[in-house]
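Naming follows writing order (A, B, C, D, E, F, G and H), and every chain is counted from residue 1.
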Amino acid sequence: MTHSELDKILNLLYDNKVTPAEAMKKLKRFPAEDVEFANVDHHRAIRQGFPEVVYCEGKDEKQSVTIIKKIVDMKHPVLATRSSEQVYAKVKRFAKNAKFHERSRAITIEAKKIKRTGSVLVLSAGTSDIPVAEEAAVTADIMGSQVKTVYDVGVAGIHRLFKHSDKIEKARVIIVVAGMDGALASVVGGLAPCPVVAVPTSVGYGASFGGLSALLAMLNSCSAGVAVQNIDNGFGAGALAHKINSLPGSDK
Amino acid sequence: MTHSELDKILNLLYDNKVTPAEAMKKLKRFPAEDVEFANVDHHRAIRQGFPEVVYCEGKDEKQSVTIIKKIVDMKHPVLATRSSEQVYAKVKRFAKNAKFHERSRAITIEAKKIKRTGSVLVLSAGTSDIPVAEEAAVTADIMGSQVKTVYDVGVAGIHRLFKHSDKIEKARVIIVVAGMDGALASVVGGLAPCPVVAVPTSVGYGASFGGLSALLAMLNSCSAGVAVQNIDNGFGAGALAHKINSLPGSDK
Amino acid sequence: MTHSELDKILNLLYDNKVTPAEAMKKLKRFPAEDVEFANVDHHRAIRQGFPEVVYCEGKDEKQSVTIIKKIVDMKHPVLATRSSEQVYAKVKRFAKNAKFHERSRAITIEAKKIKRTGSVLVLSAGTSDIPVAEEAAVTADIMGSQVKTVYDVGVAGIHRLFKHSDKIEKARVIIVVAGMDGALASVVGGLAPCPVVAVPTSVGYGASFGGLSALLAMLNSCSAGVAVQNIDNGFGAGALAHKINSLPGSDK
Amino acid sequence: MTHSELDKILNLLYDNKVTPAEAMKKLKRFPAEDVEFANVDHHRAIRQGFPEVVYCEGKDEKQSVTIIKKIVDMKHPVLATRSSEQVYAKVKRFAKNAKFHERSRAITIEAKKIKRTGSVLVLSAGTSDIPVAEEAAVTADIMGSQVKTVYDVGVAGIHRLFKHSDKIEKARVIIVVAGMDGALASVVGGLAPCPVVAVPTSVGYGASFGGLSALLAMLNSCSAGVAVQNIDNGFGAGALAHKINSLPGSDK
Amino acid sequence: MTHSELDKILNLLYDNKVTPAEAMKKLKRFPAEDVEFANVDHHRAIRQGFPEVVYCEGKDEKQSVTIIKKIVDMKHPVLATRSSEQVYAKVKRFAKNAKFHERSRAITIEAKKIKRTGSVLVLSAGTSDIPVAEEAAVTADIMGSQVKTVYDVGVAGIHRLFKHSDKIEKARVIIVVAGMDGALASVVGGLAPCPVVAVPTSVGYGASFGGLSALLAMLNSCSAGVAVQNIDNGFGAGALAHKINSLPGSDK
Amino acid sequence: MTHSELDKILNLLYDNKVTPAEAMKKLKRFPAEDVEFANVDHHRAIRQGFPEVVYCEGKDEKQSVTIIKKIVDMKHPVLATRSSEQVYAKVKRFAKNAKFHERSRAITIEAKKIKRTGSVLVLSAGTSDIPVAEEAAVTADIMGSQVKTVYDVGVAGIHRLFKHSDKIEKARVIIVVAGMDGALASVVGGLAPCPVVAVPTSVGYGASFGGLSALLAMLNSCSAGVAVQNIDNGFGAGALAHKINSLPGSDK
Amino acid sequence: MTHSELDKILNLLYDNKVTPAEAMKKLKRFPAEDVEFANVDHHRAIRQGFPEVVYCEGKDEKQSVTIIKKIVDMKHPVLATRSSEQVYAKVKRFAKNAKFHERSRAITIEAKKIKRTGSVLVLSAGTSDIPVAEEAAVTADIMGSQVKTVYDVGVAGIHRLFKHSDKIEKARVIIVVAGMDGALASVVGGLAPCPVVAVPTSVGYGASFGGLSALLAMLNSCSAGVAVQNIDNGFGAGALAHKINSLPGSDK
Amino acid sequence: MTHSELDKILNLLYDNKVTPAEAMKKLKRFPAEDVEFANVDHHRAIRQGFPEVVYCEGKDEKQSVTIIKKIVDMKHPVLATRSSEQVYAKVKRFAKNAKFHERSRAITIEAKKIKRTGSVLVLSAGTSDIPVAEEAAVTADIMGSQVKTVYDVGVAGIHRLFKHSDKIEKARVIIVVAGMDGALASVVGGLAPCPVVAVPTSVGYGASFGGLSALLAMLNSCSAGVAVQNIDNGFGAGALAHKINSLPGSDK
């Protein structure tokens, strides 16, 4: 039930064209639709400059392209994660400004120029963590955050991290992407004054158990204020970081 | 090495009372201390109105009281988590304005009036989750966030949650505390426009495996933008929520 | 918002005492409350002869007694699980017809005579599984199912089970309670024509891992149509069995 | 030993052509066979309109086709799960009315017109859960239940679910298919008055651990009366739902 | 149905006092009971000199004593595992020849002199494994096996084991009891010509995870012919070893 | 050091051609070699009619063939497990009597006619368990045990098992091979008077976790005297069963 | 067989008082004992200044005291781990120089003055890790290593660690003791030129799963050359560190 | 900031060309860079004769070759692990002295003749463990350790190990590589006087759970002084062993 449908019922009642009992009957199913209606409003507000997200894993080439086409037709910005060059080639035909981010296999299409604001810093521990880190960076960027990335600053050579302390201090949100021991999240969590979003990756072998070691380490971080995401969930980290980064100032 | 010690060396050098080589030697161990010094500065900035945190679990009564006394003497605000009435009784003697939060077993002492700002909403799924929820609420509050709490709004009777949609829409950060199936985090994550911090609790039995079921559910939330904490880590959720809530407005 | 409150608004509108815009504003928060209201109706229908359930674990003596008192005052039937003799003693003072089921530590109070219908059969593999089995039996009984119990018919001596094949064939629902290897669920699942609700118990030691072995075995039952519950969740099994047992005949 | 063999022995004894001792000896192995004989009767009763089920996973093309052929020759209905188009093509040659259900990879053949009764509602949380959901739907349907399906109503946008509250209220049994956080099962379990069969799926990545996260969430559902199945076990859910749906009315 | 009841029916039929049809009807429930009857015969054969086993864990003092009394009254030998000195004191009153095995907390009562045959060798890796080892030894002994024990011969000092190579070569069955790394099972499995029964114990801490480390090591033993038992299941090992040890010679 | 080398040293000493000190020095390294020498003797005794076992998994075609060739040249019997038709084709060229067991992918070559003795019964729960069951059967057979097999007698239709109670009663050892719920092991363990060797298989999906469910169920069998093997370890089960089956009669 | 027994046989042979055949027979069981004898020699070498270790957990007061008394009587140094003040009080009576290390609950007794050499550095991440750290320190110390300890230098405030870079650079072996995220091991592993022994502790709660999180993080350390110990195994770490520290110089 | 940059600032200050305040500002970011600078020094010292390590897994052919080329150009020694023959073929073109170690898939290039010192002994339990063992051996060798290898000495035939007791006694460090039950680590740990580095491998199937069984067994080794590595981490073991082996003599 849309807003206007509800409006219509209320007016019919006001005009005594329906009885309260009839109105009651029609309103019986109101809640569900109204929740939807409410959410639609929410979503509209949120979506200003916010892309529709297409998760391509498990969809075939044709399905992905069709969905992306539909969004482009609505003039909405697009973020398609875990996609492929094949999909990109086909999307390129109808969306000239589509970009393919090779390492993260993400496609982005800006409907109109997005103004990036704030500052999200993405750090990766190793070079193998870059695909996940880039998915996070691309996500926050297309949603409207200014994003900087610093890769390969894991704690095995901690001086590499310290070179970037300037960036750490200035960021509004930091995303830390690390596999294996996940130790970078704790070190950054101890250094940074801002919220830290930690993404464990499945990088590693043996007792990394597909990212479990990094996940547990991050959940048990000895630094307070570390927000943990699912293993390899670069998209989720980017979306959360953008949500935090784009918060208006508190009434402090 | 403190700031003033460094200053002294630089002045000695400027005054040619030491040679560059001698200064180099003295500076050789500078980095570590300077990092500390830098952090101290950070911390000072962060700690304005921010309490020192004492984790009492695993400390005996005397140890906890001694540490709290030391912080009170420095006129700092105090947050002592997982404490006891016994500790509180002793603290009360030297800190008249100490408060004991029974359900979360936390002690708080405001050094001077803290101005609460922004808005953090704490939701709990069941009544058994309240101790963890209150730890989160007390933490964010003493750190300087305005906190509202709504308890017992789990998804088994989802209409209970919907009554509070006003609060959900207005919050800057929402903390969701839930054990068992942890489903409340996903539902709120789908409804709320703001960042959601999810805390799994060890409430449950059998295949809840001490909170593992809720933890995994939250990490796999089908809603984007959910920040997960360790099981029962109310303090961590409160600290993260405050960090997010107290972010100044972005330069959007 | 209650039904009557909604009714009042609709009538005010019909009588033109409020404008459609004013009504819209009042209805803005309607959905949540209405869902509740709808659910209350549902619940009322369901609750005919259906007890309020109090889970006493983790509540202190006083809390449990207070809640039970409240339900008794409303003339509702009561089921209090994982309770104690102490609670029972106090409940007995104001509810003469309260019964304490020792093995399952459940208290039941029938508000008025309940007519038991259908047939639920509860089987336990060993004597140590009886507390969970009895919790299931007591639950289904107080909800209105006719319940029969047969204990200690585990597969280590499978002839013990076969003696009761009559009962197995006649039941509308069978609850199988078993720890360790959980094999009884599969055997009964293969013999019985009706739905089987399987409850793993934490009975066992070592590699039973607190009921995990029985739980996994039941989830992997080679017999189709086995409904699995959480470890030791006798209440859940009883409630599910009653829901199935009390289904009216299909329109076949 | 068949019924007639037993009959023969009893008659020989009655006619004094064997002695009681000789008969005893012959009956020594009676129990096993008799159990079989009894079960055959059961099965016959159950199987009216009930298909033989062929689980094709791990069987080669030829094996699957041969078994299906045999059942078709007996004029029995067929359900072949986890099959392939190749098998279907070959089956089509001798069974013109065979249907291939693409998404669930199931083949069904109705021996004679089946009258569907009652109502089973299948809900899926996401689009990736549809293959499992369809396996459940196809199973319940070919067994003789009326089945409705509603897909992609996960809790990340809970208003999508509420649009279908009519169907939820009218169903005799609801099957909920969900991966990742499995939260839909708890939400539906809290809304629906009827039994709910929950099927976790292996949809997800990282800490979903192949469906473990959804499985644990469902076992720990805060809603009572949720029957859990093995991960991805659409067939099992369909069979259980049909068993429940087809129960004749209780003697209430 | 007992043997004599069946006999009676057959004779009635032989005497033409019942018709075959009437006999058929009476025999309809025969299988179950007959299986029992068959088993009873089995059991009788097996139980010659074989004790009734009472698992006292989870039974209260009175229950244990009552059951033991009943067995003693039937002049059967008794094995009561995981018992206590309190139970023993009470048993001693009516069974003068009862023995309490302190380390394994087992009570044994020989009904009449048992002749021990064959040879079972029980090895323990450490001194902390002795309670489980002794439970195995006591079990095999009271069942009728000749038992030798050698304790504290773990692989950290493998020469300790080699001193007993004589015993290893002569045993018909060897029980190896070990916690932590469970390595003794593999070493003995490689040395011994006879079957080896391996019992992991919960001895250890940290990553022994309550015996899981030893259990997995034993299941993965690089030596063929190692039979694994549940963690701490000394009784099971003793019973299995006795079953193997008491096998009559093959028809080789 | 071989036996003759030791002999030589002792004789040199006896002939005073070396001093005790010199002999001591030479003997310093004796233990290790002597253990070997002792073991060789053991092995020789054990190996009479006992095949050399080649585990082909992880070996390339050439390696497997070479090793088998070497054993054939020594006139020893051969058992090559987890092999392939390719290897078999090549082995066939130099070993005319080689046999390929298709379902278990095992190659066997009898060096000379083996006399099979005793009786080992192999039961499988489902048809998918047959490869593992056959590996067990082939192993015990080539080692010298008389082996019978009965497949597809899982507990979902327990009457299928009872038809074979004759065989169960007569066997000296029974191997039970089952995946999923592993319940067959417990049922057979309760029926059979002889030792039972249980082999869990990785048959199943979802919460069978690659055989973990069956493994745990078997370790927690409520029947005493069940010897558990690693998942899918048909070879180990066959070897253990043969060891038990070929024990000479005890001195009872 | 002791060295002198072997010597005696060789001399008898040399003196022709036994024949080579008789000597062979006596030597038949030589290997085992000789291995022991060899080990005894080893041990003697190793034990110079090396204490006998008594693990008191699971031993009662009397047992611990008796064993310690025996070692003291042999004039050997003593290390008793996981002991108690009660045991210490009794030991003190006969060993005046016994020391009780309160935090690690270890008792040490130096038989004669031990000369400490080399340098072992023990670092702990938190104050709760100190008991394990001290067990490591006490162990290495009593075995003869010079030990320095630096506690509470976890990565949440990494500057605390850097203050001690001097000590890190000079150590021959570093022991890192850390719970929760175990990140300190990776950071130190990246900084230190020497071998690092990492000990995870069970400090933490929730998803630390009793030390599993720290254990996995350490096993997956991104720094090479980290040697991992069991959870809470301070003794093992101290013993390994001492073994490494006391290696004589290589022939570089 | 490099050493010379710092030097320049200090000299400018000494020459009064900058004020202390200006110098302070420039030094503000000094720590991080200085730590790097310090580490570079460390690394230089360590890297004498020490190869740069390239982990090829997850890198494409071109990336691996490019990195190796760069190192060769700097005249540094190279170790490339988990590489391929394809990469080797291309590397061979510009590095004539490159070697490919087939079993471990490692490429090594000695920049100039390395003098091997000390002694590292690598033992493998089975032939399937050789690839990991060889990775360890190649690593320690190219880093400058003298390495001996003994393969296939698992405990199933423990005499095979004893033949090599000479080597065990003479080694400065022993690396034990074993899958399945991992028992070899405990046996060697009990025999060897030197530190033992244990590497679990993923060799095995079923309940070896990808190396978990061996890992847990090694962590729970009943022998003290066993240093555990991640599953299949041959490189890590070689690096650690070399670090230990190359320690200069302690000041004992």
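Quick note on the criterion: a residue touches a chain if its C-beta (ideal position, glycine included) is under 8 Å from a C-beta of that chain, and two chains touch if they have at least 3 such contacts.
From a predicted model like this one, the values you see are computed outputs, not experimental measurements.
Of all chains, the one whose CA centroid is most distant from that of subunit C is H.
Just to note, of D-F and C-F, the chains joined by more C-beta pairs in contact are C-F. Note: centroid distance subunit F to subunit H, computed from Cα atoms, is 39 Å. Measuring from the averaged C-alpha position of subunit E to that of subunit F gives a distance of 24 Å. Subunit D and subunit G, compared by their mean Cα positions, are separated by 60 Å. Within subunit D, contacts with two or more other chains are made by residues 31-32, 35, 38-39, 157-158, 162, 165, 191, 206-208, 212, 215, 219-220, 224, 230-231. Checking each pair of chains for touch leaves A-B, A-C, A-D, A-G, A-H, B-C, B-D, B-G, B-H, C-D, C-E, C-F, D-E, D-F, E-F, E-G, E-H, F-G, F-H, G-H. Residues of subunit G touching subunit H in their complex: 35, 38-39, 42, 45-46, 53, 115, 117-118, 162, 165, 169, 172, 191, 193-195, 197, 215, 219-220, 224-231, 235-236, 239-240, 243-252. Residues 128, 157-166, 203, 205-208 of subunit H are the ones touching subunit F in the complex. Put simply, subunit G touches subunit E in their complex at residues 29, 31-33, 35-36, 38-39, 57-58, 200, 202, 210-212, 215, 230-233. The touching residues of subunit D, counted against subunit B in their complex, run 125-126, 154-158, 179-183, 185-187, 189-191, 204, 206-209, 212-214, 216-224.
On the side of subunit F, the complex with subunit G involves touching residues 6-7, 10-11, 13-14, 16, 19-20, 23-24, 27-28, 30-32, 34-35, 38.
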